[in-house]
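Here it is, the structure in full.
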Amino acid sequence: MINFSYSIWLLLIPLMMFFILGLAGHKLGPRLSGLLGTSGLAIITMLSFIIAYSYFFGTPKNGEGFKAIIAYNITWLQLIDNLHIDIGVLLDPISVMMLIVVSTVSFMVHIYSLGYMKGERGYERFFAFLSLFTFSMLGLVVAPNIFQMYIFWELVGISSYLLIGFYYQKPSAVAASKKAFIVTRFADLGFLIGILILSFYTKTFDFITLTDPSGPAIAKTGGATFMGLSVITWSMIFVYMGGVGKSAMFPFHIWLPDAMEGPTPVSALIHAATMVVAGVYLVARLFPVYVMASPQALHIIAYVGAFSSLFAAVIACTQTDIKRVLAYSTMSQIGYMMLALGVSGYGGHNGLGFMASMFHLFTHAMFKALLFLGAGAIIHAVHSNFMTDMGGLRKYLPITHITFLIACLSIAGVPLFAGFFSKDEILAAAFEHNKFLFAVEYAVAGLTAFYMFRLYFSIFWGKETQYHHTPHEAPLTMTIPLIILALGAALTGFIPFNKLVTSDGLPFESHLDWGVAVPSVIIGLLGITVAWAMYSKSSNLPDRVASAFRLGYKWAYNKFYMDELYLFITKKIIFRYISEPVAWFDRHIVDGTMNAIATVTQVTSFRIRKFQSGQIQQYAFVYISGVIFLVILLVYIWR
Amino acid sequence: MDILSLFIIIPLLTITGIILVKDIRNVKKVAAIGMGIQLILAAVLIFLYVAERKGGNISEMLFIKDIVWFKSLNIHYAVGVDGISVAMIALTSIVVFAGIFASWEVELLTKEFFISLILLATGVFGFFISIDLFTLFLFYELAVIPMYLLIGIWGSGPKEYSAMKLTLMLMGASALLLVGILGIYMHSAPSGNQLTFNILEIKQYVIPITAQRTFFPFTFVGFGVLGALFPFHTWSPDGHSSAPTAVSMLHAGVLMKLGGYGAFRVAIYLMPEAAKELSWIFLILTSISVVYGAFGAIAQKDLKYINAYSSVSHCGLVLFAILMMNKTAMNGAVIQMISHGLMTALFFALIGMIYGRTHTRLINEMGGLMKVIPFLSVCYVIAGLASLGLPGLSGFVAEMTIFVGAFQHPDLFHRVVTIVAITSIVITAVYILRVIAILLLGPVTNPKYENFRDARWYEKTSVIALILPVAAIGMAPFWLSSTISSSMQPIIDKIMAINLF
Amino acid sequence: MNLQDFLLMRQELLLTLAAIIVLAAEIFWNPAKKKSVIFFAIIIFSLVTAAGMIPSEDGYLFGGMYISTGLMRLMKNILDIGVLIILVQSYTWLMKPENEERISEYFILIFTTLVGMDFMISSGHFLMFYLGLELATIPVAALAAFERYKNKSAEAGIKLILISSLSSGVLLFGISMIYGTSGLLYFYDLSKVFAGGSLQILGFIFFFAGMAFKISIVPFHLWTADVYEGAPVNITSFLSVISKGAALFIFIIVLYTVFPVIIESWQKTILVTSILTMTIGNLFAIRQQNIKRFLAFSSISQAGYILLGIIGANQAGMTSVVYYMIVYIFSNLGAFGVITAISNATGKENIDDYNGLYQTNPKLSLTMTLALFSLAGIPPVAGFFGKFFLFAAAAEKGFYFLVLIAVLNTIISLYYYLLVVKAMFINKNENPVMKFKSDIPTRFGLMICVLGIFLTGFASIIYEYIKNLSFGI
Amino acid sequence: MNTGIPIQYFLILATIMFFTGIYGFLTRRNLITILMSTELILNSVNINFMAFNRYLFPHKLDGMFFSLFIIAVAAAEAAVAISIIINIYRRFTTINVEDVDEMKY
């Protein structure tokens, strides 16, 4: 067994980077701090590749597949004798896989940002935050216990908050960041409660113990039940709530589109490739518990995933802000992954869905990051987010154009591109377990192809718009990452995930299910052609289509009014009908009582002043009546 | 001279020094030096304490000094510390130190201001070191009274009203407390034996349950009022909003902790049976104040009001955890006291500094400060994040310890109220982010903000002195929590002892 | 009478002598330098006080009519110290041209009053007690009416003398009943035969009413405020601490020695009246404008607190009462000292006139604040200890309810004390009391008070000393 | 030895006197009259003492002496009171008790 304890540096380096850049950034100056941050990431990326290699190919597997390795562990906080929060590193197939994803994409984004953010105010701050995010995300990925995961879960939340609100003088950005944090925070509440219930019944935070088939979580499900579901199921549902929040599943998805207010590299890194898939990762991490101890929760996951993917895809077809389109497509793709997990079983070929989901997570990270970075390059060139302001850019931005196309093909599931393989596995898994969801996913596949190419055509082809200054290709620092990621988007499909990342660590045989693949490819191509027909050259076809389904279009365009709904709940219900009444109650009732006591005293003291009339004889009268009163009291009553 | 008494003597010496100072401008220097020495002394105390424990000294209280004072009533001047009091003392000295620097710009009656401030601090230190109920009570009242002048003279807004209200409510609390303490004293020993005020002696004897039933509510509410127990918290918003910066810092940061500390050092520790019986009432009240305070904070417009309500919420959490009466939750309570003490002091310090520049505390009248005073704004954000329980800052450690501990309670009712209390973390996030968004972020609303100066050196000293421990606790909570929990053991043992019968 | 007897009642005899000497001085002294009588008298009196301090063993005279125990001597000494402070404080006032004619008159009256009180305290027989009481009351009426040129002074005098004669009539009626049922008037003998029949309880109540007038317990208190307001400041302070204290001392002694049999009855009486006294006193004090009147009501409520010490009927109770009287004397005289100084300098006696006093006269304001805090029972000043011990004494016998009422009342009292503090420190005033420098004696008197306010609390030796002397039932 | 009048008569007389005095004290408007009614009260007490002494405890004279002293003290009291009343008359030019109420509330 190899000693992986050096893997703790994965966390230490970015943390140091954060402190150096955060505290001394303005002294170092932009260029130096940018280079520092990037070089730090370079080291991390190298580290993670070394780890991945030595984990997958270095460790001897005598037949029982990949074991989870606790590479590093210290007790961070002792809570109860048997409950303590540890900080450590857990290496197993999915965490190692995630290490690759996170470090690679993050590295790419760093390089990209060197060019993209040039001349921005707060350049150092940007890189400090990026390091903070990398630290948090890596910590989340390698978490050996659920509480560490929660800790870093919160940390990625805050770094996403900071990065979305990077342009803190732009009110929309501020609002978006606030929204993102609060929505996810609310979801995390569920996560925390889930953790508490889980730990109450299992007395452990440790993933290995939890996921152990003979462990307390799974073996002892015969415990208390509530409303027909076992407490473990409930806790897992609560935990999943956290995942819903982070992964922008319906109904907590509303923060994701607004999050696009952040700088584009951030959207690429956090809101496409890494953080938003944390929910998927969480479910995968606890997969054995879900599948063995709480199948109902797993069903919920499947349906939520399916619905979200459809919902998002529909909306994506109508949006004109390219980043928003990408955001909704992200949501829809994550829906795919969730669904895949939801329909998966445990062990061997039953775990196809699990594998497929991880596979798709991986490929999606590549092409979605690529799409966002490409979009960044475009925006950088055109200074606008709206596809209506674009068109015919292919001759101005050749590299961007090619790489973007590759990404689109990949996401649309055109064969031999990465997306094709992973999506096909997912569809296959769905086909085996749940025909209905399978049908839904077919539709979504078509929609995906359609809106992606709608985007593609209307940006790079379509009508020739007059630009007040001719767009020019992005600098090298931006194009190199594009190219690298394009390679990833094209080729990663050939990685044999079924050998490496499986539900039980054992490799299993899986082959392309042509019965599933061919129709999906056809549907995909169909979508592409429709898009081509509508958007490749300027025509009024789109408007006519839109007016044809006026109502549906309107609803989809307004994202089915989810934001308004939330606005209503927060502004009206919480603020108007809870907080303000509470404040009023506090001022007037509670405080009023206290003041009333004082007032009553004052008033009495004013009322009884007549006793002190200044008349000797009245004084004498009171005196005598006092005597008589005492006499009555003592001689006749208390005797 | 034993080290603990120094904690009272040094402030008194500082006060004399201030009185003797001729030049008004040197007053604050003297105060700063004195409190600096106090801070160093606290550090020394921590080292000595740890060394003692390492040396295998397992007695509950260390550095005990016991002088007979009123022999016939068996009143002693008795001091001693365990890990909890040491932690509280450290907290106090930090906050006082920061407070001195935060009030560097006091012009009106400087001398009197610092004298009253340090007098207040003296009371707090005395409270934390005394293990004799009489001296405890004495220092408690000593800490409350200077508040009146501090708020009334140097305050702002409806200061007379707020000062009077605060003083009277806290004194009312101490009235209840007096009855409670007398009740404890009268039942502190089996009939015929010498009655005593000494906590360590009383705890060896089980107070008759009937007496406990009578006097636990008095004692607990008496301390609870200072801990902003619903519905007796209304002194807090007015008091804090009217008080000058340093006073708000000390009051929210330290004085409110007297409530929590006393509640378990006296009420729970000496009368556990009654506490067990009656805890459900107070659990409901405290969980109300946790949520209620948070909701109240959302609707406020004045920075100090927001913070006062959030203090209500957080201190409610302290009492809540104490009432859970299990080790982890009570650990959490102590950590929460310290963390809240630091961060709320930080909040008030920053609010004071911002107020000193913008001359308003209404968030709607300000905006975009992040651009003009980045240092203060960033610190404010950090304080906010600590307050909403971000990992890596002290708030998270405290809250998680409390929630996990409370949720491990075997009784379902306790777990349910825990869930209720947990919801507060979201509400907290809402109002904190709301303030940050309106106050610091966004475009600069007022052109004259452009020529603001960022923090002066003394402001930086004050702020950094508070941020460092917040971060330190947040990053490496292990030592603190283990120290506290080892000191919590005797209390837990006494509570556990009663579960048997 | 031999030296032994002389030593026993030396305080009374020396005081009488002092009065006579001052009288002689008045007669034979050169009218030109009448003023020096002040120093002369004060010196004599301080000698008397010092003589009172000389320890001597207990004993009784005239077949037990006159008793002298350590406790009684201590009580007398306390009163002497109080009077000494008052005399020092009244220096400035006596120097005024309108009073300088009657300086010696003032001293003679004070001394005689004090003689009466001493006899009252160490009386072992109701006749002696009655004589002492009257001797302690009638001259005070003359003193209250001392400022002939003021309406209020005269009104105060008449109110005091009339109500006092009424109350002494009631008291005598009570005594006569006790006499009728037992045929005895010696405390010692009475404590043996006292049975507690209805008639005796009736007698007790009448006796109680008579004493309650002196201690100004509600509802027998109504004269207090007017007389305090009308009388000259020094006489007010004399009334509020000295005569009240003397009455309290003998009251508690008689209760514990003569009436132990009917303890339930008088405990109930005191329970009711003390609640009334505290509450009514505080309620009236809240809205007073004249500072003397304000302190009158505050002293009423203070009497209410002191009753808590009496009700316990235990050693701790008596100790705490005597102890509290010391504290109370220092605190109240401190407050009155400040009032005297200010009214002598400016003639202002309203709380509003004190607005912004701290700006002009910080020392006076601080003294006032300390005194008021001590009265309110705020640490670290002595009042805190005094109140704590009183309440502890009551709690020891299980009167927790009464203690609760009392502590809640302390909150009200704190409120109005703080109003004065607020006036001095916080309130703004365009024309505050001008800055003035008070003369040596005044400052000396205030100094003593401040020292007393601090030391009495911390020096536990005082409490222990009293404890050894006092007794319970 | 004691023939004729039983003690009750004296006591009843004394009580009546006592309350008459109090009544006078409460109702009379002239300060002098009020003073006189206090004398009435004191004298009722004297009667009490003497009656008790004579009838119940004839072998000692405590009561008698007590009443003697009461008479003496009453005289002194009256002297002071009268002098103050004179002063009142000087200042207020009336001795109607109702006008002597400058200080109230």
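Here the chain labels run A, B, C and D in written order, and each chain numbers its own residues starting at 1.
The working rule: a residue touches a chain if its C-beta (ideal position, glycine included) is under 8 Å from a C-beta of that chain, and two chains touch if they have at least 3 such contacts.
None of the values given here were measured: they were computed from a predicted structure.
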| item | value |
| --- | --- |
| Chain-contact steps, minimal, separating chain D from chain B | 2 |
| Partner chains that chain A and chain C have in common | B, D |
| Most central chain, judged by mean C-alpha position against the global CA mean | B |
| Gap in Å, rounded to a whole number, between the CA centres of chain B and chain A | 37 |
| Mean-CA-position distance for chain D and chain C (Å) | 27 |
| Rounded Å distance between chain A and chain D, as computed from the means of their C-alpha atoms | 98 |
| CA centroid of chain B to CA centroid of chain C, Å | 43 |
| For chain C, residues contacting two or more additional chains | 158-159, 162, 166, 170, 225-226 |
| For chain B, residues contacting two or more additional chains | 168 |
| Numbers and ranges of chain D residues touching at least 2 other chains | 22, 25, 34, 100-104 |
| Contact pairs between chains, per stated definition | A-B, A-C, A-D, B-C, C-D |
| Of all residues in chain A, those that touch chain B in their complex | 75-80, 83, 85, 147, 151-152, 154-155, 158, 165, 168-169, 171, 174-175, 178, 181-182, 185-186, 189, 192-193, 196-197, 199-200, 574-575, 578-580, 582-583, 586, 590-591, 593-595, 598 |
| Interfacial residue positions of chain C with respect to chain B in the complex | 316, 319, 373, 378-380, 384, 388-389, 391-392, 395-396, 398, 400, 403-404, 407-408, 410-411, 414-415, 418, 421-422, 425-426, 460, 463-464, 467 |
| Chain C contact footprint on chain D (complex, rising order) | 18, 21-22, 25, 31, 34-35, 38, 41-42, 44-45, 48-49, 52-53, 56-57, 60, 62-63, 65-66, 69-70, 73-74, 76-77, 80-81, 83-85, 87-88, 90-92, 100-104 |
| Chain A partner contacts - residues on chain D that touch it in the complex | 22, 25-27, 34, 97-98, 100-105 |
| Sites on chain B touched by chain C in the complex | 69-73, 75, 134, 138-139, 141-142, 145, 148-149, 152-153, 159-160, 164, 167-168, 171-172, 175-176, 178-179, 182-183, 185-186, 214 |
